[in-house]
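Naming follows writing order (A, B and C), and every chain is counted from residue 1.
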Amino acid sequence: MFIKIAREKNPLIHHITNYVTANDCANVTIAMGASAAMADFYEEQTDFAKISSALVLNTGTINQLVANSMLKAIKEYTLLNKPIVFDPVALGVSKARDGINFELLNLKGISIVKANASEIASVIGLDGKARGVDSTFVINDEFLEKARKYTQKTKRILAITGKIDYIISQKQIAKVYNGSIMATKITGAGCMCASLCGVFAGAIEDKFQASLCALLSFGIASEIAQESSSGSASFRVNLIDALSNLNDEEVKKRAKYEII
Amino acid sequence: MFIKIAREKNPLIHHITNYVTANDCANVTIAMGASAAMADFYEEQTDFAKISSALVLNTGTINQLVANSMLKAIKEYTLLNKPIVFDPVALGVSKARDGINFELLNLKGISIVKANASEIASVIGLDGKARGVDSTFVINDEFLEKARKYTQKTKRILAITGKIDYIISQKQIAKVYNGSIMATKITGAGCMCASLCGVFAGAIEDKFQASLCALLSFGIASEIAQESSSGSASFRVNLIDALSNLNDEEVKKRAKYEII
Amino acid sequence: MFIKIAREKNPLIHHITNYVTANDCANVTIAMGASAAMADFYEEQTDFAKISSALVLNTGTINQLVANSMLKAIKEYTLLNKPIVFDPVALGVSKARDGINFELLNLKGISIVKANASEIASVIGLDGKARGVDSTFVINDEFLEKARKYTQKTKRILAITGKIDYIISQKQIAKVYNGSIMATKITGAGCMCASLCGVFAGAIEDKFQASLCALLSFGIASEIAQESSSGSASFRVNLIDALSNLNDEEVKKRAKYEII
């Protein structure tokens, strides 16, 4: 795993994200050994692209103004060949949201699409049955087939969070069994996963491994957090604590995943 | 009480709210068994109204852009006859704030106005003596008389937070004695109460009972939280923990209120 | 120290700040005994200036719209001769950010500039070597010389956070040795310091003493918090808890600083 590398490299992870979970996203980024810059002003995108190691985009509280900044940022990071993580929150819920998300998704340069199964279903052309930010979609063979084709066409990694997480590349599928039901009782679990994808994509070359490490770290930290939590808010505190203490040895010891 | 119903129905509670406490609002909504959607983009209001069970509006960090989205949302939810909770934060503090709030309050469709006594005083036409977000107004007979008339004219519920909470309908007044002074030591206590009103208004028909259940839940969770808190921040964690663990039996056992 | 005075006076501290750490800023403001108003709407600046005791400006997620509100607010507070704390987050990182920050810094009326060494270096005309929100600048004699000249020219206090904090006025330099490395593992430590500067500047006349009290309080609360923290998130909870419990006796007992 790559936690030691992330902590040593201390990559700067630039976010354009929602105002609901921005604090959590910054805190998990720092907890994992990276630095966080949250800058959504259009005029700053060129300069932030120069100094950052990865870009994390999250459309949770998207509007046209923020979308314009994301558009600009994607172009800048693509020019510099730097990794971009895209989190299409609540895709499929509204026409306006879908319009903005697909305009962004249609641009080259996005490296990792991190989302739940409903949202990824929409991304790859299925009906995601989306209802707000929660996923109701069950991953099946048709989904995996379509997802694989999407990765082949776009060269992107799909990082799909759920009871079982899936990381899908052109060549491999990883299934991650670590995690806690408590992560569904707080806002921002998915957003934090995207930030972790950004941290590792900013620290190592291989985006499949980066995504796998991110979701393993989150799943394992969730398990550690659950052990000593008294409810949803202490779970969140314990989760970020666990991420801030996590190391590669712990991840190797606790990891439950397979690559198929 | 209606916690079991809320947890079973899992209503989607759509918020247009401030960026200061949006995270807390989402987390208490989820803790109470509902789902949270925080979407303030004008172009999305029609679609979110279709899939949500209730709308919570909070004018904490209001500006004209967000106000336009609230205006649109109120119209959409009213057309669909879905409940709307309105939290006129810091009403009476600035002319611009009052202008926007009263433009929204003058629309039909709002079901519950949740606020502190200063803010409600402004709503019903008294001088609220507002100073920022804190209330300095003491509830008296004139206030209760005016408040009752307001509910008769508008068919709205007034849910008034304070040392003693008041829930006022056309026919009834409930006084809730549960609560903790610690709730005044954190930002967002009032905002969270509005979210809880949204959760129960999204789960049951009777808006008076929904508001009563919301303020009882918050008051009782505050008492539970206070018992094990070491300061204001651990109080906040414990409060959300307590909400995430709360059930109807606990509420019945601890509830201190009267209906007059 | 001035904690008792702050708790007794309960000054209203008006913030125009970023959406990432606004919740933390409000909570530390309240924890220290003040009240917090977070209002960035242009049309409200005149009214909020009238009722507030101090203004805290933080350019973390700045854009042109928010900058306009800050401009308006500075003018209003200056007219009323009320203190203004300015936190030029990530100054030196982008041209757009620098443009906005210096336009604001060039206005009269700012009382305290609170920032890390990289940011202050930019403020006083040195190369801050800025990289995102983190400081890489080491304070040296040239820096101190330039800083002193800046305070003489502008009559401002410089409150510089770091491993050692510096508070610089025209006549004095204070060095604060209290603090914890854990404060670098969370987002918003600097923002919270600015809020505390606002609290004390809103409570007492002497802005040098106000800044010193703010950074001592933050440093000492950090030390108390570290003792019982299991990671970065519990540190944040413990930090705000400690601030909410802090008193002048504790500060006097634990304070490690010198005035040179």
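The criterion applied here is as follows: contacts are C-beta pairs under 8 Å (C-beta built on N, C-alpha and C of every residue); 3 or more make two chains touch, one makes a residue touch a chain.
No experiment lies behind these values; they were computed from the predicted model shown.
Undergrad: Counting shared numbers against all numbers at the contact of chain A and chain B, is it over half, same, or under half, different?
TA: Mostly different residues.
Undergrad: Upon optimal superposition of chain B on chain C over Cα atoms, what rotation angle is obtained, reported to the nearest 5 degrees?
TA: Roughly 120 degrees of rotation.
Undergrad: Between chain A and chain B, tell me the centre distance in angstrom, where each centre is the average of that chain's C-alpha atoms.
TA: Centre separation, chain A to chain B: 32 Å.
Undergrad: Among the residues of chain B, pick out those that touch two or more other chains and give their numbers.
TA: Within chain B, the residues that touch at least two other chains are 19, 23, 236-237.
Undergrad: Show which residues of chain B lie in contact with chain C when the two form their complex.
TA: Spelled out, the residues of chain B in touch with chain C are 18-21, 23-24, 60-64, 90, 93-97, 131-134, 185-188, 229-234, 236-237.
Undergrad: Within the complex, which stretch of chain C touches chain B?
TA: Against chain B, the touching part of chain C is residues 12, 19, 22-23, 26-27, 30-31, 35-44, 46-48, 51-52, 236-245.
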